[in-house]
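In order of appearance the chains are A, B, C and D, and numbering begins at 1 in each one.
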Amino acid sequence: MNRFGSLPRRLVHLVIVLFGISLVTFFLLRLIPGDPALAILGSSYTHQRAVAIDNFLGLNRPIWTQYGLYMDRLFHGNMGFSFYYDEPATTVILQHVAPTLFLLVYAGALAALISFPIGFISGLRRGGVVDQAGRIFFTLSFAMPAFWLGIIFILLFSVHIHAFPISGFGSGFIGHLYYLFLPALTIALGFSTVLVRSLRAATISALQAEFVDTARMKGIPWRRVLWRHVFRIAILAVVAVYGVNLAYLVGGTVLVENVFSLPGLGTLLVDSVNQRDYPVVQGITLLFAVIIVCINLLTDMVQAALDPRVGQEIGT
Amino acid sequence: MSTAWAASPSELLMRAASKAAGRRRSVTRRRLTLIVGLVLLGIAILAVFLAPVLVSQSPTTIDPLHPLAPPLTPDHLLGTDQYGRDILARILYGGRIDLAIAFGATAVTLVGGTFYGLIAGYIGGRTDSVMMRVVDLVFAFPFLVLVIAIIAMLGPSIFNMFVAIWITSWVAYARIMRAQTVVAKKQQYVLAARALGYGRLRVMFRHILPNTASAVIIFSMVDAVGNIILAASLGFLGLGAQPPAPEWGTMIADGQNYILSSWWLVAMPGLAVLYIGISFALIGDGLADLLRAGEQ
Amino acid sequence: MFRATQAASAGVIVLALAAAGCGGSAATGGSSASGAPVSTLVIANAVKVDTLDPEANSVNESIWLDQNLYSRLLQPNATGTGLLPDLASSWTIAPNGLTYTFHLRPDAKFSNGSPVTANDVVFSINRSRAFAGGWGFLLTAVKTITAPDAHTVVITLSQPHAPLLADLAMYAYSIVPESLVKAQGSAFFQHPVGSGPFMVTSYNPDSEVDLARNPYFYGTKPKISKVRVLIVPDDNTRVLMLESKKVDIIENPPGNLVSQIDRTPGLSVQLYPSTRVDFIQLDEHFAPFKNLLVRQALNYAINRKAIVQLAYQGHATTGASFMPYKMKFFDSSIAPYPYDPAKAKQLLAQAGYPHGFNTFLITVSGDVAGQAEAIVVKSELAAVGINVSIQSYELLTAYDKEDGGHSEMGERYWTNDIIDPDEVATFGADCQGGAFAFNSYWCDNQVNSLVTDARGELNDSTRQQMYDQIQQAVYQQSPFIVVDYSPYRYGVGDWVHGFHVTPLGNYDLSLETLTVTTP
Amino acid sequence: MSGGQPAPGAGAPLLTVCDLRSYLATGQGVVRAVDGVSLTVHEAEVLGIVGESGCGKTVTCRTIMGLMPARILHTSGEVIYHPRGEQNLLDASQAQWESLRGAQLAMIFQDPMTALNPVRTVGDQLLEAVNAHAKLSRPEAQARAIGLLERVGIPAPARRMRDYPFQFSGGMLQRALIAIALASSPRLLLADEPTTSLDVIIQDQILSLLLELQQDTGMSMILVSHDLAVITEICDRIVVMYAGQVVEEGATSDIITAPRHPYTQALLDALPQAGQRGQLHSIRGSPPSLIDVPDGCRFAPRCRHVTDECRVWETELIAAGEREHAARCWRLHDIGRSQAWQGSDSA
């Protein structure tokens, strides 16, 4: 039974979604008042200079020809030239991909590291110390805006304790881990709230399942029953929640990126929208869409791998 | 950013697998969290509507003589902001907007998203696939570009902030509801209802919805808090409530500039958000236990 | 909105921050001036670099960075009121003012060792003139630019153009090596070769740009060997970095933290006069603003001191003339309109608006000083019966609404790009100058002709009189309300000696002489 | 299917339960699910426990296996597993329980659909049992597992090892569970209503499989069911439970031919006979609540021979014939042995 038989269909869906997004972004951007010439000329804006810039950037052509040109170039992998950076949009985006992707994966790992043990133990010993403390802490961390938490971490860990750098991306893998620890932790805490809660509920349900008694009946040690039966099926429920929330995060790291001065995609996206740098915004939007859809696909695959019963429903 | 909490098909199947008796915690214990949450929220709603009684200052009159007064200065319990406006007054009056956001924005996305997901899940086949592609599209769309575009076109105002939230947040509900409906569709009680010849609408709304609404309702509690924080993010991007209207999110956003010199500008509205966040979380937990117990 | 210089916003837990509330407690022990000399200067900028191509720059921070990499024929002096020789050691102007001959320094070399030739100069100027939407319009009067020999450049004009020298001192006309730019195209500007005091060693525009001393620099050899320019958009983060001595200089610390930084031992906020003029744009398409009496009433109704106090914590100068206050030909005899609400009410009544009128003020969201100004203006105009509703938009949406001729009041500001007043006069006073007199659509033919004549007038004293007349006329007619002149703000550690910013904002001159010691 | 064995095997006692009490805490109050149960299982003997649902038979089984639900409030009494000496299992340590379960005692459950982990293959879960008490190499374990599946009658065992529980039918799952239970060749198998959730034909196959395995391995078995017909067919001895107590025990033949406790008699009357016409017999009323247990004999409210004393006096098990036939009814002798199998009057 090929569990991923529906993969080609999912890829078709991906293409449709990407096409839709490129269409919506293209026209949405042009509906926003203020055009790129305004951004470039700023306070010394004159109409003649604006017209010269529009011609140079090809914005004076009818909108449908612009869209046609854009899609044709996109088909050949060329996202156009950034208005602001005076470089191809692809190079600009690639320069900013590393911090955001690294931050996302790092935050995802930290969130898992934090929430899996706490969620599982809270489920095993309901009402225990871990359960109560976890519940209070994560309610607080959820209700706090991420950028506020970020500033507190900087004040505590960078200014007073000098444990971590205030900003920047660092160099080399270890450098990244060290520099991005605080931003990743900031994101991970908010993210963990949901994970802890769903893992706790799943563990409680799993403990009451009859196959746990069957497993105990075999005489295998309780620790192994917990690990290979209870945790295995409890984690399953968390995979879907993990995927959905990680995807949600993709567009949302800008606030933390700004507080920690990380030159990531989020900051670039907001700046580019402010600058009306259409090619870069369109490029990032597509990149985000691809990442989000891949995360969803990956989540479904992991879920299908872990839970054979869900395998059949992948197709829809 | 608000987070989505989707119950996946596997969790539902597993829950059906565990046929053990109800949990040991007595029912009163469960209801306690719900009651405490509701009481806290009630106090907040009362305080917000009795604002004119509770505090004499108006939230918008500026007093250039003593801006940034620290908390506990005479007749400014929580201090004043950078324009000398009383922070306590702004929090109470601002609460009206933020509670409206928490309820107003969430209610619409809850109803809209749930119906969308219910229809998509129940009809299935090609329509479901198309509807879910629309959901994927909105979901995969960077939320920031959408919000900035919407508010830039419609102009920044509180109502337009609602519109921005409506357009972007219904997707999570649609996704959760669809997943639930797809599973519920195969349950006996639905097959039985259809066997009795009930109309499609009746099956959907009288049978599937009541049994699957719990996950969506629980999520709406989480989403409500998320929407308030969303207001803070919009304020942070400068797209939130217009000056001089008081709104917690924008107060936090503006206050951040003064975080090192006068921390209370950011702390006070932040605590207000925290307070509402906690009350919603408690309600969410209480509801989750009650509804889940009912479902088993 | 997400303005480059304005901070992000965040809430905070009371207890966690109580400790921090008492200001920069993080500063380590005071340092004596005699600390050991350090060879690297670290500056934290608020805005990322857009490009190092002088013709395409549109971000101030990038422009100021460029000045360290490239040199020009001439360069503005420290006070921004005169010009110093740069590549051109001397120049002669023909009596009819139509031919300028520049003699280049024979010893000028690019940072790769190759000499700077007249052809490079001609190529660079022509390249920038041709750039679409660039600064070519300043040199419309230029007919030909030729290089008779390797060290002489001759420029001929179609008509006298007084600001020519100031135009050539502008960043857009920096000199780049012709051969390399032609060979590498836009890639050249990823690691450019210039003839300025410094050269780029590593360039990533969003996080850090490192400069090193240019070994072949013909001018005074800088004492520091390296400059690290960090990009830190968040205001609070920049202040924290200065307080924890991780950086030597930070750009544009937020107004409300100025006093706190000054209180911190070893740190201070330097205020450098700038060419920035904050004004409120009045669009004459809105009937009341067509009426001079209404415009003058607005001037009397606004308390400029209150705005300076609330928006800039007192660190700004109340505005009078529309021209920046630290430049040539500025008429210091003009005094700001006094705050006289009674007179304002009387003028309004005379103008036929005894009960005032309703209007709206466009501001840029996220601009802390702008919001403060808007709130003061709203409450003060309310006192005279004018009901102002504040509309705050994201930066470009605000500009779009203000430039389109369908706005009423709007918060704007102007900064000079050259030290000559011709630019500000063309944009602000001459309605045919391309910007409709700061989008006020106010037109006065007498003023228009004065601006054009002044552009061609070579005699400084007559030029001074002309600009005095222009400033008086604009002051009287008040097509827009000049509010204040706000300075550049830099947070500087006292272990940095000799850092100075000219009114145009560039600090390349001071970097040549500046020294740094251990904090 | 042939009748039960004529006479109980004379094997030595394997497991003795003495005055077992197990009280559960629920929302409504404390439920005295098992209220003083004593029984003994001998070597190679099939003991049947029969009773209506809620009479405590499942809790008894789970207590013997140490798989009590989390809500247990109080457990007392003794469970002695003779091969391991006189130690009371209720005080056994975790390690001791783990050495007993699978190797000595094993259990199969009522609903096979939920008794196996849905996300792991059946083979995986079987190998887990096979390796629990034996150090086998991978191929040896694999072979043993496939052998077990064949032994319990699952076709194409090698392929089915890789399938998941939801790809099995109810009957096949129960067979797999039996294979898992027998993986470490236990000496006592507890079968808690193994066929209740299966349809009749499969039920018959599973029961004959269990009997066949029991006779082959010579292990003892406790078969729990609410279906007296199933119990009388297979078991050597029968224990009848009612409202948390044993009300009658004895050899199957004695119980069938001479039931001495009114409840047992009523149960036998309620059995529909092939070709029987007319009204089926049923027992009036319903089992008492185990929270506020009535005084005297718990069956009094539904007993045909009830007297006032019955509502006051509660008696222990009284000897009622050979082969330790006993019943908990002090009017035992008055009712007498005449109540033949075909009771005449209806309830």
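Going forward, a contact is a pair of C-beta atoms (placed from the backbone, for glycine too) under 8 Å apart; a residue touches a chain by one contact, two chains touch by 3 or more.
What you see is a predicted model; the values in this text were computed from it and never measured.
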{"item": "Farthest chain (mean CA position) relative to subunit C", "value": "D"}
{"item": "Of A-B and A-D, whichever chain pair has more C-beta contact pairs", "value": "A-B"}
{"item": "Chain centre separation in whole Å, for subunit B relative to subunit A (CA means)", "value": "21"}
{"item": "For subunit A paired with subunit D, centre-to-centre distance based on mean C-alpha positions, whole Å", "value": "55"}
{"item": "Whole-Å separation of chain centres (CA-atom averages), subunit A against subunit C", "value": "38"}
{"item": "Gap in Å, rounded to a whole number, between the CA centres of subunit C and subunit B", "value": "44"}
{"item": "Of all residues in subunit C, the ones touching two or more other chains", "value": "1-2, 8-13, 17, 20, 236, 240, 394, 397"}
{"item": "Numbers and ranges of subunit D residues touching at least 2 other chains", "value": "70, 111, 114, 118"}
{"item": "In subunit B, residues with contacts to at least two other chains", "value": "13-14, 17-20, 148, 152, 232, 236-237, 252, 256, 259, 266, 270, 273"}
{"item": "Subunit A residues touching subunit C - in the complex, by the definition given at the top", "value": "32-35, 37-50, 52-53, 55-56, 84-87, 95-96, 144-145, 147-148, 150-152, 154-156, 158-160, 162, 166-169, 255, 258-261, 263, 267-268, 270-271, 274-276"}
{"item": "Sites on subunit B touched by subunit A in the complex", "value": "1-11, 13-15, 17-20, 23, 25, 124, 128-129, 132-133, 136-137, 139-146, 148-149, 152-153, 172, 175, 179, 182, 222, 225, 229, 232-233, 236-237, 252, 256, 259, 266, 270, 273-274, 276-278, 281-282, 285, 288, 292"}
{"item": "Subunit D - residues contacting subunit A, complex", "value": "62, 65, 67, 70, 94, 97-103, 106-107, 109, 111, 114-120, 125, 128-129, 132-133, 164, 166, 177, 180-181, 183-184"}
{"item": "Subunit B residues within the subunit C interface of the complex", "value": "62, 64, 67-68, 82-83, 148, 151-152, 155-156, 232, 235-239, 242-244, 250, 252-264, 266-267, 269-271, 273"}
{"item": "Interface residues, subunit A side, partner subunit D - complex", "value": "207, 209-211, 213-222, 228-229, 232-233, 236, 306-309"}
